[in-house]
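Here come two complexes built around chain A, the first alongside chain B, the second alongside chain C.
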Partner chain A sequence: MTIVKSETTPYLAAYQAAIDTTEPTWLRVRRAAAIEQFSVLGFPTRRDEAWRFTNLRRLTKAPMPPAHPATSLPDPDAGVIESLRLAGRVCRLVLNNSAVVAAQSSGVDLPAGAWFGSIAEALETRPDLLKAAFATTDPAGNQPFAALNEALFTGGFLLALAPGVSFDAPFEIIHVNTDAASHPRCAILLGEGASATVMEHFTGSGAGWNNIVTCVDLGVGAKLHHVKLQTESPAAIHLAQTRATLAQAASYDSTVLSFGALLSREDIQVVLAGEMADFTLNGGYFLGGQQEATFAPFVEHRVPGCSSRQLVKGVIGGQAHGVFLGTIAVRPGADQTDARQTNRNLLLNAGTSVDTKPELEILADDVKCSHGATVGDLDDSALFYLQARGIDAATARRMLIGGFAADIIDASGAGETIRQHLHRHLSVWLEHLP
Partner chain B sequence: MTNLLEIHDLHARIVGGRDILKGINLTIKAGEVHAIMGPNGAGKSTLSSVLAGKPGYEVTLGHVLYQGHELASLGPDERARQGIFLAFQYPVEISGVNNMYFLRAALNAVRKQRGEAELDAAQFLKAVKAKLSLLDISEDLLKRAVNVGFSGGEKKRNEIFQMAMLEPALAILDETDSGLDIDALRAVANGVNRLRDPGRAIVMITHYQRLLDYIEPDFVHVLSDGKIVASGDKTLAMDLEERGYAHLASAA
Partner chain C sequence: MSATLDTVETILAAGEDNYKYGFVTDIDVDELPPGLNEDTVRFISATKAEPAWLLEWRLKAFRRWQGMTAPDWAKLKIAPIDYQASTYYSAPKAASGPKSLDEIDPELLKTYEKLGIPLGERAALAGIAVDAVFDSVSVATTFKDTLAAQGIIFCSFGDAVREHPELVQKYLGSVVPPGDNFFSALNSAVFSDGSFAYIPPGIRCPMELSTYFRINAAKSGQFERTLLIADKGAYVSYLEGCTAPQRDENQLHAAVVELVAQEDAEIKYSTVQNWYPGDAEGKGGIYNFVTKRGACRGANAKIAWTQVETGSAITWKYPSCILEGENSVGEFYSVAITNHMQQADTGTKMIHIGRNTRSTIISKGISAGRGQNTYRGAVKILPGAENARNYTQCDSLLIGKTCGAHAIPYIDSRNPSARVEHEATASKVSDEQMFYCQQRGLTQEDALSLIVNGFCKEVLKELPMEFAVEAQKLLAVSLEGSVG
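Up next is the complex of A and B:
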């Protein structure tokens, strides 16, 4: 008999209460397996290597099961959504604690072969797409938060483009989270030769917990620009897992910027499964106060001839703590791999801390791999140079910090509108620096 | 005419070290061009750092008056806004900060201090184009990050270009000739000469007489072991070129 970890009991109860017999059998089977897995695994502890820098005390001390029946929440303030959204022609979905807010979402005419909507709607009208999303991505794996998400998710979004379909306007998803616990499940499925740009913005208020799983499946030659901007409340917990599988010659360009949440974690697991596939990650964590953020990209080169580039930068002030746990795994036979990984940290004052652990596991020949990490302060000579031209010290500091971070935004291929959008958020963050 | 800069018995050091400047006296009026020459270790760079307000240096005795006011209490940015400009010996590379963006912020800070309206992007661009012709600077250089990937000559030209934009009352050129080939030196010197103005004083700090062939000073001073040991007109520089610094240093 398996031993159920005691801290999982409230979540087991929430799962039991939420069982929906109208769901397809395959999904109910998976949910049952997932909750069992979670109950055995329990929450990770600091004894787990991958979690030894992450402080989960708040979650383990006070359980946050989702409310059942799901309490109906007021719609997010329309003015706030208006101020957050991307300019121009966009296909937009607003999710409130993972449930769709129809009045604030807006579509544009999608081409044939494109499907974009909430997970709830997908379950009702296109369960085949959802099933496909589950089939191609690793299920919960050995990860308790992914298992919990699988057992409990009710909302999220799904984007599916059939082979050859491309769409020029960005798909924008604004995720608003409040005091609640939310387990969104998201999926981006691009068929052979399809291409899309997806911009996700996570925002909200209160001391909620967002536990997100996003599956990305790119077919042969498919191309995805994926941008994630996280500006959740400074009291929130934000745990996100992205699992991507790339077929031959597929290209995944990911930009992830974390500004918000008290505790945040980005697990980005990418499998380069087809030759000539290419993955790029530009990440940034911008922390102050008591914030803690972890970036944990795991890039697996399974076949020969693939390339990956990761550049993750941290700007850390207050008493904040940044963590980078990056791995490049080159499997046997994945020759001619070209992989790079860099983590750079800028500490703004004493009392901040950083743990950085870039790792290479190479089991193939003739590969080009590099990794490195730096931790440093603002350059005094640069500060003096700017001041010697009349720029006051506070502005000079902001300029240098902005300059340090600018390239992770500029490197995104998601288009000028989105890059400007990200630069604006960075500027706002810089303006609020003490 | 009032004195733009008065240095009285200035003693200064790197914080915690021994005095490097050991009693400098110097008076500079608007419109004048001064050259301060001296051997390595004489205190030339310390003098420019102290005048510009570089952190890490401290005045231990004496004082500096700029436009009649004590300089010591002003931070480096305040000095710059009040018209003191230091052309760096080693201009700093600042990645991620666009040269134009940086220069507009600097110019607007200076203009604000003078009570002039800030320039918007279009007005700024117009002002830039007017000054570009002064120096052989390609517009492409302005689109790059501050000094990043610039050659030695480009960096020095960029310094003089900034000087042209900011229009300081007192420009201190710290070893501006170092690391320049003869063409770059000529271009930089031409730029400086065009910026000579009855309302502006220029102080050139240099090890070699070479720069003075292109920018003719009104006064030449020799700095040795933290003191000015000789002053004169440009013939003093020629004399130095022939006889070296050694005889002056021993006289001091």
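Up next is the complex of A and C:
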């Protein structure tokens, strides 16, 4: 008999209440296995190496089971959505606590072989796609939050492009989260040679909890530009896991910017499973107040000839705490691996802190791997230079911080519209700097 | 001719028998039966006629240790260790302590001669004062009188307890408290000897101080304790070398080294660790679990650790610096080689407490055979460490397809004016470099040795001259059979 961790009981009850007998059997089996795993694992503690810098006290103190039914929550304000959305021709889905808001979503004519919609819809009309999304990604592994998500998810989105299909306009998903707990499950499946740009924006209000799992499966030669912008409420908890598997010569370009949430965590697990696959991560965390953010990319080179580049920058003000836990793992035989990982942090004032741990784990010899990490404040001479030219101290500071952070956005291959969109958010954040 | 050159020649003469220190010296020893309990601790303390406070201190550590578990966070595969199977005290038999070199067992002297230790007359030529620790007990300290003339105390730990109890009591456990970790608690309970040095204010120690450790007896563990104090404005350079005979079973070595540097003092601590690494199949070898830490207590103090780790089946070792004093400096230079089945998890910890403290970490890891080499380091900047600076560079060289190299740095900064930089790379010995060397007539092994020595140069240049030569040769010997 396995021991059930006491803190998981409310979640077990939520699972029991939500069991839906109309769901396909394979999914119900997976959910049952996942909730059992969660009940055994419980919440991670600071004794777990991967979680030692993450303070989960709020979650463990007061349980936050999901609201049922999620659809009972009021629709987000249309004006707000209007102000957040990308300009131009976009295929848009608005999710309210992971349930789709049809009135605010807008489609454009998708080419044949493309499917884009909510998870609930996929379950009804294309369960095969959903099943494929589950089949290609790891089961919950040792990760309690992924297990909980698998047991409880009701919404999220799914994008599937058949081999050879490409779509020029971006797919935009606006996730609005309120006071409730929500467990969206998202999937991006690109067939051989397919290509797409996906822009996700997480926003909301209140002290909710968003526990997201996103599966990315890229076929041979597929190309994905994936942008995530997180501007959730300063009281929210945002835990996200992205799991990507790349086939031969696939390319995954990921940009992740975190501005919001009291506690946020980005676990980005990438498996380079086909030769010549390529992964790029440009990440940034911009923190103030009591915020705490963790970036934990884990890049696994399983086969020869792959390359990966990671650049994650942090700007930390207020009393905030930034954490970077990056790993590059090169498995035996993965020769000609070219991997680089960089983490740079700016501490803006006293009272801030950063923990960074860039890790290399190399079991092949013909490799080129490197990592670097820096922590410091702004360069005094650069500040002086600007001030000597008549720019006041506060503006000079903003200019330098903006320049430090802009790299991440400029390096994204997601297109000019999206880059400008991100730059706007960065400027807003900079303006609010004390 | 210096004794160290002697060593080099011995290494060269070693031929295909890679571990030239693998001899066993057959001498009479006083030995405790294997096992560990409070009586063992009492016996060790009584044998050494220790004062009551020290026995109490040991017992307290032992009780702490009983409640602790061995750390498992390192990237090391360690078969469960039976702490009751080890012998905790083994001493060369002697009615009373040797008064001069002539009284030392000739067998012992021969052992040191084989090791190339400049004991006796040869010490004068080499200009190094040596304290040699054989199994658990310090057998001879040379140059004691010359040093004493300047007020420098350099003796075995046991002598220090007898002759300078006030110094020992003041500093013992002040840098590495007994409960710091599992192995330091074990060491605090059962340490049998080691070296002690005290450099009085303003004195620059005129010669290199040196300790040579050797584990000789079978199934015995060595738990030495080194305490080094450089008072205000003092300077000392300290060398430490280690060997052990070739045996099939694993032997335990759990040492504690504590350094205290007061205002304006400087301590340079160099180690060449060449414990028996086990054979190519991973049989036997020393388990080396060492806690080394230095505290820069006063302003402008400096502690530099340099280590060349070529031996041991398992190395678990993180020489660290606590930078308390303003402007104090910590340095760590390391070369670690793992060949065959060796595993090393080694690095450093720099804790910046005072203002304007600076630290430098240069680590070079070389993995060959099926060796696993991990750099694990921590740089901590506390809120008060205004303008602290750290620079870390950690490079790994991989030789062969079955070895592993890992880097796990922790950086924790709590002061915005501090600057921390970390950089790490991993790559293999380039085919072009090998080809270039071989084309010019070098054998494959010489070419590799040349490249590896170049890779380690930044660290080797930090070693005192004689040690650097020995270390270079050791690198070559350690890597024999790793290519082709």
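FYI, the second predicted complex is superposed on the first by the 431 of 434 C-alpha atoms of A that agree within 3 Å, B and C clash if a C-alpha of one lies under 4 Å from a C-alpha of the other, contacts with A are read in each partner's own complex, and residues count from 1 in each chain.
Convention: a residue touches a chain if its C-beta (ideal position, glycine included) is under 8 Å from a C-beta of that chain, and two chains touch if they have at least 3 such contacts.
On a predicted model such as this, the values are computed, not experimentally measured, just so you know.
Participant: In the overlay, answer first, second, both or neither for which of chain B and chain C A:433 touches.
Facilitator: neither
Participant: Regarding the shared-chain residue A:40, is it in contact with chain B (first), chain C (second), both, or neither?
Facilitator: After superposing on A, A:40 lies clear of both chain B and chain C.
Participant: Can A:407 be said to touch chain B (first), chain C (second), both, or neither?
Facilitator: First partner only.
Participant: Looking at the overlay, what does A:382 touch: chain B (first), chain C (second), both, or neither?
Facilitator: first
Participant: Contact-wise, after the overlay, does A:367 reach chain B, chain C, both or neither (first, second, both, neither)?
Facilitator: The answer is second: A:367 touches chain C but not chain B.
Participant: Comparing chain C with chain B, which touches more residues belonging to chain A?
Facilitator: Comparing chain B with chain C, the partner touching more chain A residues is C.
Participant: Where on chain A do the contacts with chain B and the contacts with chain C coincide?
Facilitator: Of chain A, no residue contacts chain B in one complex and chain C in the other.
Participant: Using the touch rule from the top, collect the residues of chain A that touch chain B in their complex.
Facilitator: On the chain A side, the touching residues are 379-382, 384-393, 395-396, 399-400, 402-407.
Participant: Looking at the complex, which residues from chain A come into contact with chain C?
Facilitator: 49, 332-333, 345, 347-377
Participant: Note which residues of chain B are touching chain A in the complex, please.
Facilitator: 52-55, 75-77, 79-81, 85-86, 88, 91-97, 102-103, 105-106, 109-110, 113, 145-146, 162, 166
Participant: Would you tell me which residues of chain C are touching chain A in their complex?
Facilitator: Chain C residues touching chain A: 73, 381, 383, 396, 398-428.
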